[in-house]
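Take a look at the structure below.
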């Protein structure tokens, strides 16, 4: 159950961008790399400015795979509301995680990305 | 008083962008996630190139909430001057913090972001 | 064999951008700094969403040099496929590593960059 | 001599952008925050792809000040050549450091930034 990466990651600044009307569509994504030999079960907790956190159903990230979760699409039927949110990721297996946003609310796209803040 | 995150964060590169004349307005923001069970009291210190630091009155970040502080708006009546500045954040409770800038001084926006540098 | 930097780096979010038809061409690059006094031998492992990892032949990064590897060009005859991928770097000598993307799929370029996540 | 920050920082990906012909001019900057009570003496080492490192004369960063060094301007009479370079910063006092690039080679600017990789 040991391996490279961390089991807990925080992303303070989430904000779903407008999708726009043509490709490439505006979106926000969470990228989870599992470089280890065990499949991971991942629980995401969403934090908001003015209400209690929301916990999403567990997701799988297979061993030796990268998974890109589009946060601007419904996740298991749940749609992240517009506006400021933050994210905690807890995994049964160490992962390496990054968040990326593509904003296309003008003719040209803009990127916004950080590696998460890893804990233990 | 323990928990995920750090009590001290540094942001070396602050620079309030011009707001422009239409939405989305240019701005700079500090995003503070408190994933823990105690409310946090936060003290921000501003550093400049050519004068002594300025300490802002304490701010609150509630337990299990994210707070987005718009640095380009007045904070408790204080307006951060234009030009280079840096930021130290000290919190009574561990937080996870990020700074983001949206620059719209041309027809299309540009993003600039980093997680802070955490200490203890 | 000791020195500044780390021997293992992870980059969760790789995605080769379209090159476009004029300079500056869209590209993705891995920048490897070897500030130490021994030459480094580097092995890159590529991770994908739906198939097993691919290991590239060893590369050299000379002592006291920086090397920029263009990931959007063939590497030793291997072309990274389009779509999501992730990267693990393992080096015989500690390095400091960063990934950068220039996206030019609109009239203006956009940048996307992170330092890698260092391990041991 | 103790304090917040690190005495050694690495920036793998430096690349002076074209200045362009109007404001805001393209530039690359190193931002050094000294939040401590002692003045810092800083030595910068430049690394290249194909020749030996170049060491710049010492610079000062005063106590409780932030200093922004424009890397695209001559530094003590030395002009960083165009193309890939990397940077090591060594300070007598702990600092917190970030690099930022503004690229204006198209009608709209693009930003590129990372905190450095801190060591000891």
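Structural remarks
Which chain is which? They are A, B, C and D, in the order written, and residues in each are numbered from 1.
Simple rule for what comes next: a contact is a pair of C-beta atoms (placed from the backbone, for glycine too) under 8 Å apart; a residue touches a chain by one contact, two chains touch by 3 or more.
Note that this is a predicted model, so its numbers are computed, not measured.
In a homomeric contact, the two copies may use the same or different surfaces; for chain C and chain D, under half of the interface residue numbers are shared, pointing to different surfaces. Overlaying the C-alpha trace of chain B on that of chain D calls for a turn of 90°, given as a multiple of 5. Distance between chain A and chain C, defined via averaged C-alpha coordinates, is recorded as 22 Å. In whole angstrom, the spacing between the mean C-alpha positions of chain B and chain C is 31. Counting partners per residue, chain B has 107-108, 110-111, 113-115 as the residues that reach two or more other chains. Across the interface of their complex, chain A is touched by residues 8, 10, 12-13, 45, 47-50, 52-53, 84-86, 88, 101, 103, 105-108, 110-115, 117, 119 of chain C. Of all residues in chain C, only 4-5, 24, 29, 31-33, 35, 64-68, 96-98, 100, 107-111, 113-115, 118 touch chain D in the complex they form.
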